[in-house]
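The following blocks contain the structures, represented as structure tokens.
There are two complexes below, and they share chain A, which is joined by chain B in the first and by chain C in the second.
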Partner chain A sequence: MKRFRITQQEIVFVVFAALFVFCSLFLKGFLTSANILALLQNVSVLGILGLAMAIVVIGGGIDISLIAALAVPPGLVLQMVQDGHSLSSSIVVAFAIAIAFGLVNGWLIAYAEVPSLFATLASGIFLAGLGQAFLFRVEVVQWSDGMAGFDRLGQASVFGVPMPIILLAATCLAVAFLLRRTRWGAYIYAVGDNRAAARVTGIPTRPIIVLQYVLAAVIGCFAGLVLAASVNSMPTRIFNSTLIYDVILVVVLGGIGLSGGRGGVVNVILGTLLIGTMLNGMTIMNLSYAAQNLVKGVVLLAAVIADTFINPRNEETAQQGDI
Partner chain B sequence: MTSLSKWTCAGLMAAGIAAAASSGVFAAEQGLNEPFQAKFRADLSGKTIAFVPVAMGFDLTEGWWAGLKKELKPYGIKFELRDPNWNTNAGAQAVTSLVTEKPAVMVIHNPDVQTYAKLLKRAEDAGIYVVQINMGSAYRSSAFVGANWIEIGERDTEAVVNACKGKSNKIAIVQGAVSAAASAYTLRGVSNVLAKHPEITVVSSQAADWDAAKAKGITQTVLKQHPDLCGIVGFWDGMDIGTAAAVKEAGLTGKVFLATSGGGEHRGACDLVKTGAFDLDLSYDVPTQAAQMAGTIKWLLSSTDAKPGAVKGSEYTTLIPITKANADAPGTCWNLDELKKEAGE
Partner chain C sequence: MSDIILSLEKATKLYSGVPAIEDVDFELRRGEIHALVGENGAGKSTLTKVMAGVVTLTSGAMKIDGAEASPGTPLEARNLGVAMVFQENSLVPTMTVAQNLFLGQERFYNRLRGINIAAQQFLQSLNFDVPPTAIVGSLGAAKKQMVEIARAVLHNAKMIIFDEPTAALTPEERKYFFDLVRDLKHRGVSIVFISHALEEALILADRITVLRDGKKIVTDDASKFDRARIVQAMVGRDLSHTLYGVKKTTVRPAGERVLTIQNLKMAPMVKNNSLSIFAGQITGVFGLVGAGRTETFKIVAGIMKRDFFYGGDVILRDKPVRYRVPAPAVKAGVAYVTEDRKIEGFFETATIARNIYLGLLAKFPGGRALLSQRDQSASSADWVKRLNVRAIGDAAKVIELSGGNQQKVVIAKSLVQEPDLIIFDEPTRGVDVGAIVEIHELINRLADAGKAVVVISSYLPEILGLSDRILVSRQGKVVEEFSALEATEEKIMYAAIH
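For the complex of A and B:
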């Protein structure tokens, strides 16, 4: 007999729909195309980061160093251009650093077998410290004339749709294609679901884990460039902010279980939409800072509790350093 | 000429030469000794100044540090930096350990009003001069050099209220971090002015955590709700780059008056006023603040009676309002790289 089971994805969708309807009915000026576009634009960088995190979480890990990858290589682009290097060569250097950083993360986790939580926690602090100590002169790296035109990445719009939304959509498509249509994608699910079983069936589990972290770092770097372009500067101190929790919130809220092997791009989109609607609604209501944090905290707690009920831990899925 | 007068003349000349020799006309060749400078040099030489900012790595703290070095290093003063990197606990530990290490002067940039207050009193009791910069604690030490945040809030708001005359009278406030005293004081200044202008409606007053991306997000949403907004009071130019980007994207640059404040480093202030991103940026000119601190330190170290904790005074910074009118003028803004070079870094 098939029992009726509701997935977290469906719960989140229902919550999102309810919230959306509530805001549309009770908040004047919420349901306008201009506001919906602003809503999406405000969470597009968060959404792109969510996709990077999703790849790692589906693969059974977690990447706390994502914000360092977002802050440091793009910050370096702005700094190098300020110092007179060309924009294109600076971007090449930035992506090279991001790839190298992902390789180090991946090697630590796949070959040195350090739990992902600790490995990325440490490597993130290392990269952020490296940036602060040697790469940047001031924490907020400012725009310079050499960056002219690059701000289109964050501030232009195509047919009325702001660029960051288009870039988020493009990243969604690319990640969805990778996860659902390629062999590598299937391997990521297999490794995340049961690493030992994946290994027995002949999947190159270690290279696949390295791949996850490289992809995450590269996507993080890309998100950083979009962020820098949209605020005309790179506030590298963002590493010290709570952004990483928001990213985890998007992923977990969307229904990608932290035990790995489940979920996909749709979940990230759902999580991002829910957060976006929440933030936008609270801003329109002009709620105080403390109240906003309270609401965010309660929602994250509810999501984590729901995750534990729907994807219960067992000996098979529990892992060292699990959060 | 008689022989008598000849002798008299010679005598007078001899007396004159003797008098000249004794009264120091030779000083014309050897110079005159100034009686106070040797003590001044001795008082300063070899003394240590310790600096505890909330964090290095941004224009304000880097500028103060470079400015102090530029002024005081030539007198043989030693410098010690303790960078807590935004960590209040680490900062309190740094101050505590400095109290036992006994530098001559501590320059303190407080993260909030309370945390260091008792420690600073203990430092002055232990014989260390404490100079506080820009963010004062509840304890008033030998000297406070810094911006008057209430004045900044008032002047920024007055400018916005003026710009709103004959328009919608709707304004928004983008605060810093709610826990920061600078943000709370500025907000009080804003409220002081708004109390006098009941015609103004505040459609949004939210904290953006000194974060440009958050400021942009909030401003975007507010502008979508209130496209007729006539002004925004921002609390720091480093964050309001984001506020300005949102205004620009909405195509409202020049229509929404954006007033903010900051340290006046040219890339973050004058350059952005020139592009029209900010309409008013109140600068507390960091090199001047550094020079004032240095002057105070010279005075304190060379004074005969001003023992630590015995004198207390404030030097509120005279603000430079940066607008399109003076953004190009030399001296309005400053350049961190040049200041660092002058400081020999």
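For the complex of A and C:
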């Protein structure tokens, strides 16, 4: 058992290393500092979203509504500033909406006991629809003068390192601290590992589940702000893109078992690097968008199958009682 | 065509090395009704599962109609003429009666009217009052059972096995079921049925086999049995050479009353249950399957909820309580050590140390936001030593441990919470002999230290060996109380069966 789990992380790492070496050797312009920084910058929003998803998946659930949390509250910030509100109050409103959204998700899943997949699917569609119907006047919310200075969040650089990479690193540290060093982190692992046992032990399982979805929504909102600052607008149609699949890809590929209780921030970093290298390499090779999707699909399928083999769900343990 | 339709010789089935049945010889005659009786875990279910092809024998031989047979699946058994009606019935609830009857025999093109007519004729020939177009899920327990029986007969079953057939039936339905079974007998079908109700076995069966601890004790004509002889056979163990050999000569006196339960109700398992638990002694709770023992104490620990209306009272140290989740119960000093450690006992991906530390955190968070590595290693080192958990180190994952060591970790996770009322539900199930001794010593030490200890067990010697006071539960409530000094296996078993 134990040897197996080490091998799993090793597999991801080895695949990443092999891919990296392959790209460095055969693709012109891959192994330049400019390209590597661009690679990292391209996946930094994805990485931040991956961290949000990781919290939920470790806690035994899944959050399909992340993209809505990424698109709608930050889009609202841009819209409100356009309408003449101050930047700081807009950001406060955005985070308040994200928190409320996470609370609704958490309540649906923990207290109303709706399966997380359906609850977040529905709530995500609802929030995106709400944004498109009432909050935004155009599909791409544009930058306005009131946002001046905010674009540094996406475009500045410190010692040559672009800001999004630094923010990704900071979020990694924060989430790692939460998961590994705090009581709530320990509870999230416990709930994901065995919810019934956590309950019997006296851990407040339902508040912990709510906490997971609030954290996910807040981190998703933060990722949205970084995205908006990078491209000077908020394309709210991003909700209709395949971004959520990339997020799941990062988490599963990194080796966070969908059965819960396993993995950590390291896995998200590995998954993000692997995806980043893959996408960057394919772009340099000039593969079409369709072909890229094909490759991603195959890789995700392989990762999910590997996950069920390496982290088998324990259904066989149920039968024993009556002899 | 011999007179013996099915026979087993030296049948043995091991579950991970532990025998569920051992060297059992069994014969079923054509057209007889044969009752299997025994305690929980005596091997009745396993024996019938072997016949029905659900499990295969580890060693020994089975003959059906004189020919060697070892069905590997229920389908193979069915083709050999053996049908089994399970406790949880195996019908598809969303389909109609007719569809269920012909399930698995559909042709490429199915005329619904055709199977409805066929089902109607067939059910009428059996005199079963079930409409073939009714959805199975909407039928009562008795009608569902009729459909199961009809299906078995339709498949030309030569023998039908029933596991606790009357448990879910009302008295009238039960009487009707008896008539059905007798009717089947006249058609030449052999019947095997498991029952906890001895009267049923005595009235209905032609022959009775008593099992105990996986071994056949006796098979004889029902007319030669009475209640006393069956009970004697069910419990008559010779324990002088086992760890339960010493009979208790002193009992601990009752201390302060810690828990009072009055008229507790949770439909359908707990019915008007009332009992008290005292500090400083071990209260053993015995009962057969469905006696509502686990449910009663899970309500106390906040794991299950009693009925909202007229649910009765739980009084913990003079204070009425109603816990909706276990967390406040844990805080109030109640610990429940589960009977099923894999489902709700331990965290399998976590280390021993983390499992124990989670128990500590849940009870004493103390406003602490950050984890303390020092607290974790200190508490786990302490408990690993106190409970003698054998592992390479406390960084080992719990899933890698043996059953006994896993159980010790689950116990440590509860004891680190310093509870005053500790409920052990089947504390030694699936645990090796060495660990059983250690766990029993631990339970005794807890009582000596003044804790209120409850031990729920289906194993009579364990109840007798541990308890100072014994409560016997039957059909959802406590029906009898004994002091350990006056209790005997016979007395307890008499109270537990009906």
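Observations
Everything below uses one rule, namely that the second predicted complex is superposed on the first by the 308 of 323 C-alpha atoms of A that agree within 3 Å, B and C clash if a C-alpha of one lies under 4 Å from a C-alpha of the other, contacts with A are read in each partner's own complex, and residues count from 1 in each chain.
Rule of thumb we're sticking to: a contact is a pair of C-beta atoms (placed from the backbone, for glycine too) under 8 Å apart; a residue touches a chain by one contact, two chains touch by 3 or more.
Note that this is a predicted model, so its numbers are computed, not measured.
Applying the stated contact rule after C-alpha superposition, one finds that A:Q155 touches chain B and leaves chain C untouched. When the shared chain is aligned, chain B comes close enough to touch A:N280, but chain C does not. By the touch criterion stated above, A:S230 is placed in contact with chain B alone, chain C being left untouched. By the document's definition of touching, of the two partners only chain B reaches A:N35; chain C does not.
Looking at the shared chain after the overlay, A:G202 reaches chain C, while chain B stays out of its contact range. Look at A:F136: by the touch rule set out above, it reaches chain B but stays clear of chain C. Comparing which residues of chain A touch chain B with which touch chain C, the overlap is empty.
Across the complex, chain A is touched by residues 55, 57-59, 62, 85-86, 178, 203-207, 209, 211-213, 216-218, 220-222, 224-225, 238, 241-242, 244-245, 248-249, 267-268, 336-337 of chain B. Against chain B, in their complex, chain A makes its touches with residues 28-29, 32, 34-35, 38-39, 41-42, 45, 132, 136-140, 142, 144, 154-155, 162, 227, 230-233, 235, 237-238, 240-241, 279-280, 283-284, 286, 288-290. On the chain C side of its complex with chain A, the touching residues are 15, 20, 40-43, 45-46, 214, 289, 301, 303, 325-327, 329-331, 336, 338, 340, 342-350, 354, 357-359, 361-363, 365, 368-371, 397, 399-400, 413-414, 417, 430.
Those residues of chain A that touch chain C in the complex are listed here as 1-2, 180-187, 189-190, 193-194, 196-206, 261-262, 314, 317-318, 320-323.
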